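Please go over the structures that come below.
You will see chain A twice below: alongside chain B first, and alongside chain C after that.
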Partner chain A sequence: MSYLLPHLHSGWAVDQAILAEEERLVLIRFGHDWDETCMQMDEVLASVAETLKNFAVIYLVDITEVPDFNTMYELYDPSTIMFFFRNKHIMIDLGTGNNNKINWAMKDKQEFIDIVETVYRGARKGRGLVIAPKDYSTKYRY
Partner chain B sequence: MVYVQSPFKKTLAVNLNPATTTLRDLNLHLHRYHLIPISHQRLYLSPRLLSTEGNDAVFLSDLGVSPNSTLTLHVPLLGGMQAPVAPKARTDFLNTKPPPNYVAGLGRGATGFTTRSDIGPARAAPDLPDRSAAAIGAPGAPGVGRGRGKGAGEEEEEEESEEKGYDENQKFDEFEGNDAGLFASAEYDDEDREADAVWEAIDNRMDSRRKDRREARLKEEIEKYRASNPKITEQFADLKRKLHTMSNDEWDSIPEIGDYSLRNKKKRFESFVPVPDTLLEKARQEKEHVSALDPKSRAAGGTETPWAQTPVTDLTAVGEGRGTVLSLKLDRLSDSVSGLTVVDPKGYLTDLKSMKITSDAEVSDINKARLLLKSVTQTNPKHPHGWIAAARLEEVAGKLQASQHLIRKGCEECPKSEDVWLEACRLASHVDAKAVIARGVKAIPNSVKLWMQAAKLELDDVNKSRVLRKGLEHIPDSVRLWKAVVELANEEDARLLLQRAVECCPLHVELWLALARLETYENAKKVLNKAREKLSKEPAIWITAAKLEEANGNTSMVGKIIERGIRALQRESVEIDREMWMKEAEAAERAGSVATCQAIIHNTVEVGVEEEDRKRTWVADAEECKKRGSIETARAIYAHALTVFLTKKSIWLKAAQLEKSHGTRESLDALLRKAVTYIPHAEVLWLMGAKEKWLAGDVPAARAILQEAYAAIPNSEEIWLAAFKLEFENHEPERARMLLAKARERGGTERVWMKSAIVERELGNIAEERRLLDEGLERFPSFFKLWLMLGQLEERLKNLERAKDAYELGLKHCPKSIPLWLSLAHLEEKVNNALSKARAVLTMARKKNPQTPELWLAAVRAESRRGEKKDAEILMAKALQECPTSGILWAASIEMAPRPQQKTKSRDAYKKCGDDPHVLAAVGKIFWHDRKVDKARSWFNRAVTLAPDIGDFWALYYKFELQHGGEDTQKDVLNRCIAADPKHGEKWQGISKAVENSHQPTESILKKVVVAIGKEDHAAETGKN
Partner chain C sequence: MGSRMELIIFLVSAVISAGLSNRIVKESIPTFPNPMLSCIMLWACGYSAATLNDSFLADLDELSDNEDDLLEADNDDAEHMEEDIDGDLADIEALNYDDLDSVSKLQKTQRFTDIMQKVEDALENGSENSTHGIVLEDDPEYQLIVDCNALSVDIENEIVIIHNFIRDKYRLKFPELESLVHHPIDYARVVKQIANEMDLTLVDLEGFLPSAIIMVVSVTASTTSGKPLPEDVLQKTIDACDRALALDSAKKKVLDFVESRMGYIAPNLSAIVGSAVAAKIIGTAGGLSALAKMPACNVQLLGAKKKNLAGFSTATSQFRVGYLEQTEIFQSTPPSLRMRACRLLASKSTLAARVDSTRGDPTGKTGRTLRAEIHKKIEKWQEPPPAKQPKPLPVPDSEPRKKRGGRRLRKMKERYAITDMRKLANRMQFGIPEESSLGDGLGEGYGMLGQAGSGKLRVSVGQSRLAAKVAKKFKDRSYGTSGATSGLTSSLAFTPVQGIELSNPQANQFGGTQSTYFSETGTFSKIKRT
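Right, the complex of A and B next:
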């Protein structure tokens, strides 16, 4: 469903996209449209984009086309979602140990919306780190 | 180097070459640095505005900027109505080209992060300023060309942007930079590339030409800066070097820095908001009791509150409940952590025990308790008391089923606890109880309690003993079981059982003793010997043996046995506890084994008593025994004491008293005889012996004793007088006279003279009497009784004047004699029939003897005899003021008071002198008049017990009993009166001392006094009426 979402084709565009938003959260998915994980993620993103439009904007970045952030943001996973607000990278404590990003495909829409909303609320308050409503640490998976 | 003065009043030094840098580049740099949009940047070189249209691509040097010149950056104030920016408006970057030489993320100052250093460094670039300087310093970077090269595909996009209504140039301006201006749409061909290369070469050359100098200067500048602003580490370098001299202690003593962060600081002040009135009103309503029922609740049954109406009112209870639940949870947690029980189960089980459920209101308590106990049983299921308490709680709450269920569970959890089984047995119905106890017994076959309970559950003796025998099979050494079995058996079986029992538990004296009791004399002896072998330290065996011998008539053996026993016990180093042995002696006495008792006392009374304490201890012990009614023991103690202290009068006296009160006359006599042989100079003992004889009616024997006494103590006046009294009372006045004459010759005291006068008075020899009195008064002028007798003598002879003289003379010699004063006053009153003289005498007497209630009373009586009621009352008031604690006066004042005031008077009197017999008798009289028989009796009783020597009260009491009591009580009072042998009392003395009444027994005097009182009362009644 990646075709339903705007893509950013250059580092410049990414920067501008992050800088341009004053009031909304900028949510960027780094990955490949053809990647299976990304496809799952995009499915969710596309379906919630309309719901979130008032407080978050979603962009997709192909990390092969735009490799500029690969080292900076350690983009090695098949799918990575990062949040920015007013040119500030917002971290989320997901319980996974990596607070910088969501590096797996979320399948539950509502869960995702909840996370985004939490991030937005925290960011509005000036927080640099928010705590996700649900713990995604691996102990619940095994 | 160019300096830019920023709007933040800071000067930024930009390292650039004005000749090779365009204004656009500078703008971009500033944008990067200050994040001020390029469109808003207005650069001035002194007054001249540089940032104008078309200047973008111009080199700075062309605009007049020289190296080291200072530019001013100004940001225009954009006031007024600026169109609000819609959030979604800016998506232009999607379609725009990035600026040349753009480093992603740099434009917005993005920083990366390193979470996985194993993969590679996240931060690719060195510090920012250097990079920017390099970027600006190399304007002819290949990126420029690349941007230009990409320009080919840009046209269509620009057309699109035209549609959106953007100004093309401006946009171009903003993003593309100045070098795209003229040739932006041109091809990037070889020529261009060559040109670029040339320019680059030139740049490099230019750059390298001044490189050394520039770098040197930079270095110098940095050094200068460092010198002026030294680093902290450098500042403290010397101190740091000394750190190795610090000792460990010094390191340790460096104080920890506290947490002074702002978050943990307490707020300086809190704001308080006044409580709104609505809340206060609500609270008041909740506290209020409503006595009326509202119709809704009446519909719901009146007394109970419907659920829906009041959700939860008792918030504190809820809160407390939550608190306890929480604490319980915590306890459980701590249990699980440490593995130990933190809860003190016994502690709160006892708390629960003290809880009693009386009404439905305590249902919540029950629930709470149930919760508690549930947690107890869950956290510690092996704790039997938790189960028991839980079951009891259910039982109290009336849920028998639940309690049975609980206790059954308890039995399963703790099958080794006999308490649980017993509780289960108690809770089970009668039919099930046996089954339960059977299981219990199976679980713990060694529990005596369970076996006993099992036996108790059986109804008939046969089954009971069967159960007990079964129990004994498991626990053959349980004394309790043995005892229970023996109790159920008949004598023969019991004997057999006991024989077995002493084999099983040879260390229990009771079993041995019981067996000995059941056996015949011979066998018992054997049994006791055997027992002695087993239990060599047990005194009870010896005592029983002694008793056995005594019961079989071998009294001589008793002493030996006890003596041997004590020696044996001492050999076994058993502490001979005197108290214990005394108790044994008393027990033996009560059991009828007097010899044993005596033997025990004889052998043990000296044990553990200090030499100097012996007398005191023994007397005290004897007294105690006497008080407890153990006469034989006391007698034995005295007997032993007398063997040691032969010459102690006090012990003889005590022993004699014991015999007198509890023994026979013969024993007393024997004792006294023995006593006087040992201490012949103790006249008391002689007198006692004589009196005993006399009381027994054996006058000659008494006489003989007194003669013996006289022989032993020839000069004792007491014995003289006793002898005189004996003769006198036995109507032998001649003998009495002779005795007294002898005594007078021997130089007796005034008492002898007085007695002599009394004898003469009795015999009617007035002349002799007067002679004796005169003689006596010559010798003893200060003995008032003689004066009194003289006066009375004259009075009897109607020589009133001489009587008066006698009294007055007497008063001269002894002015403190109250009876003399009274007699004189009385005489005066009688003689002149006028009060004045008597008054004067009494006043005088009072002056000489202040605070004498008798004188006051006489004065009051004299007044009231004259009918001067007012004067009498005034006098009485005065008298009470002078002697406020005098019982006689109070009693008189009670009697004087009119009937309605008597009660208040008596209350006052009782307060002032509550235990004065006069007052008690007066109060008793009031009750008597009010027909409150029981109360009156108790008051009289108190009076006579307090003052048994005053006959008036006995007379009053007797009269009262004659009127209200039965024959028994009358006799009782009479006997008690005779026993008390009263001597004093106003009316009593009047009658008993009268010449015609001498030698009368107490009984007749009592009756006479009663008659006199009756007469007086009658007179008083008629007088009042």
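Right, the complex of A and C next:
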């Protein structure tokens, strides 16, 4: 479903997307369109993009095409989702130990919407770290 | 002889009263064994054997075949004149079912020949649209068209009658054919083609029937129980077929004529419903101006047949649809929308008829526009509803939370607020032990309550607002004591002086002379705060 979502093709475009958005959360999925995990994630992203459009905008970035952020954000997972609000990276405590990103494919739409809403709420209040409504420490692995 | 007659009558009436369907009655009669028939023939004295047999059949048909009766009743108007002339003989001839002329008379009537002559003349001359100026109703051609409409209906009925005649005759030869070929004209053509031939492979039915039906017919013919007809019966049957075909071609001619003139008489109406239906509607309404004056709901019913539904639902029976159901628009509409389409058609064709009656638009452009409109509307009805778009979620916390407050909330907070006493009891002073309910720090501690140096000499027990409210509530409900006398008081008092004395207990309510330990009149005492 990646074809339904806007892609960013350069580091500059990614920067602009994060900088230019004043009111909404910016979600960026780093990965490859052909990747299995990314495909699963994109399925969810595409289906919720319309629902979330009032407070979040979703972009896809190919980490091979745009390798500028790979070292900075440590992008080595097949699929990575990061949240930005007013040019600030919002961390999220998912219980997985990695608070910087969602680095697996979420398959439940409602869970994903809940996370995005929580991040937005926290970010609006100026928090740099929010706690996810659900703990993914075991769910994710087993 | 009498008993035989009774037997026959009994047989016939039993078959009918047993409520057998038309088909069974009809099929059971020819299968009577021949000896039995001959018995009847012997008994019959006045009539020839064949005639009687057929008259029985005719009677049966009349009794059992209501549809035909209705059609014949319709046809009565046309035949009425002739029957008067025939007089007494008419009754006898009506029974003579063997004779084709006695069942179908239409072709011999003056009316038929007149109209056909006029139609043929008109068709030969071609359309002469010279009558633009004059009023339409007075146009002789218009009158002819109205006549033609009536005639075409009559011809149709006549064909049905002849069809029945042919079936009755030909059933002996090929009983299954009538169930295989339903259409009267097709049936007549096939009968004429097959005639007495037993081997259907020798008969070429190509062009009369669809090839699939031809195959079914020839297969059925190879196993049929029918026998070849006698020469004279066959001749009559073939004559009847010829007559049906002739009537059919006459009807075609009449309809051709009417349709050819419809474009001139009612161009807009025929643009909507087609010239054939337009002709029928105008004919039934009794003229174009009558149609123009008719409301649309009546136009919808023009030509509607009275149907006997035998208790079934009217929902799908196309109950209230007249000639409009023959229109191309109606037929191409899915059944669920047909009633709506019919209403629409009726209203638009009324409009078109009004335009036509004033000769407002001889080109038929209005009609074509209306037709396009109808098509567009019907198509629109069939469109699926617009797809549901996902509704975006609202921005979280975008709206300030709703807070209920104001006077009401303040009052409630006051009512349940913590009291001064409770506040003191909850507080402790440094270095000073609190008093407790059981002493030595046991039991419930009193905190700063009652301690010297608390700064307050006396803690006033503020009247709780909750208590006030509850008290008010109880007072409103007047629990017992509000000014009423006690149940123990009596107006009878025993005194040593006068014996029995009547006194008013209400009088000394505030007195006190008679008061005992338990006040007789008192309510709960209220201590006023100073």
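What we mean here is this: the second predicted complex is superposed on the first by the 138 of 142 C-alpha atoms of A that agree within 3 Å, B and C clash if a C-alpha of one lies under 4 Å from a C-alpha of the other, contacts with A are read in each partner's own complex, and residues count from 1 in each chain.
Criterion: contacts are C-beta pairs under 8 Å (C-beta built on N, C-alpha and C of every residue); 3 or more make two chains touch, one makes a residue touch a chain.
The model shown is predicted, which means the values in this text are computed figures rather than measured ones.
Upon superposition of the two complexes on chain A, a steric clash is found between chain B and chain C. Of the two partner chains placed by the overlay, neither chain B nor chain C lies in contact with A:27.
Applying the stated contact rule after C-alpha superposition, one finds that A:52 touches chain C and leaves chain B untouched.
Judged by the touch definition given at the top, the superposed model places A:41 against neither chain B nor chain C. By the touch criterion defined above, A:113 reaches chain C but does not reach chain B.
One of chain B and chain C touches more residues of chain A, and that partner is B. Touch criterion met: A:124 reaches chain C, while chain B stays clear of it.
Those residues of chain A whose C-beta lies close enough to touch chain C in the complex are 50-55, 113, 117, 120-121, 124. Of all residues in chain A, those touching chain B in their complex are 6, 8-24, 57, 66, 68-69, 71-74, 76, 87, 89, 98, 100. Contact residues on chain B toward chain A in their complex (touch as defined above): 85, 87-88, 90-94, 96-99, 102-105, 107-116, 119-124.
Across the complex, chain A is touched by residues 389-397 of chain C.
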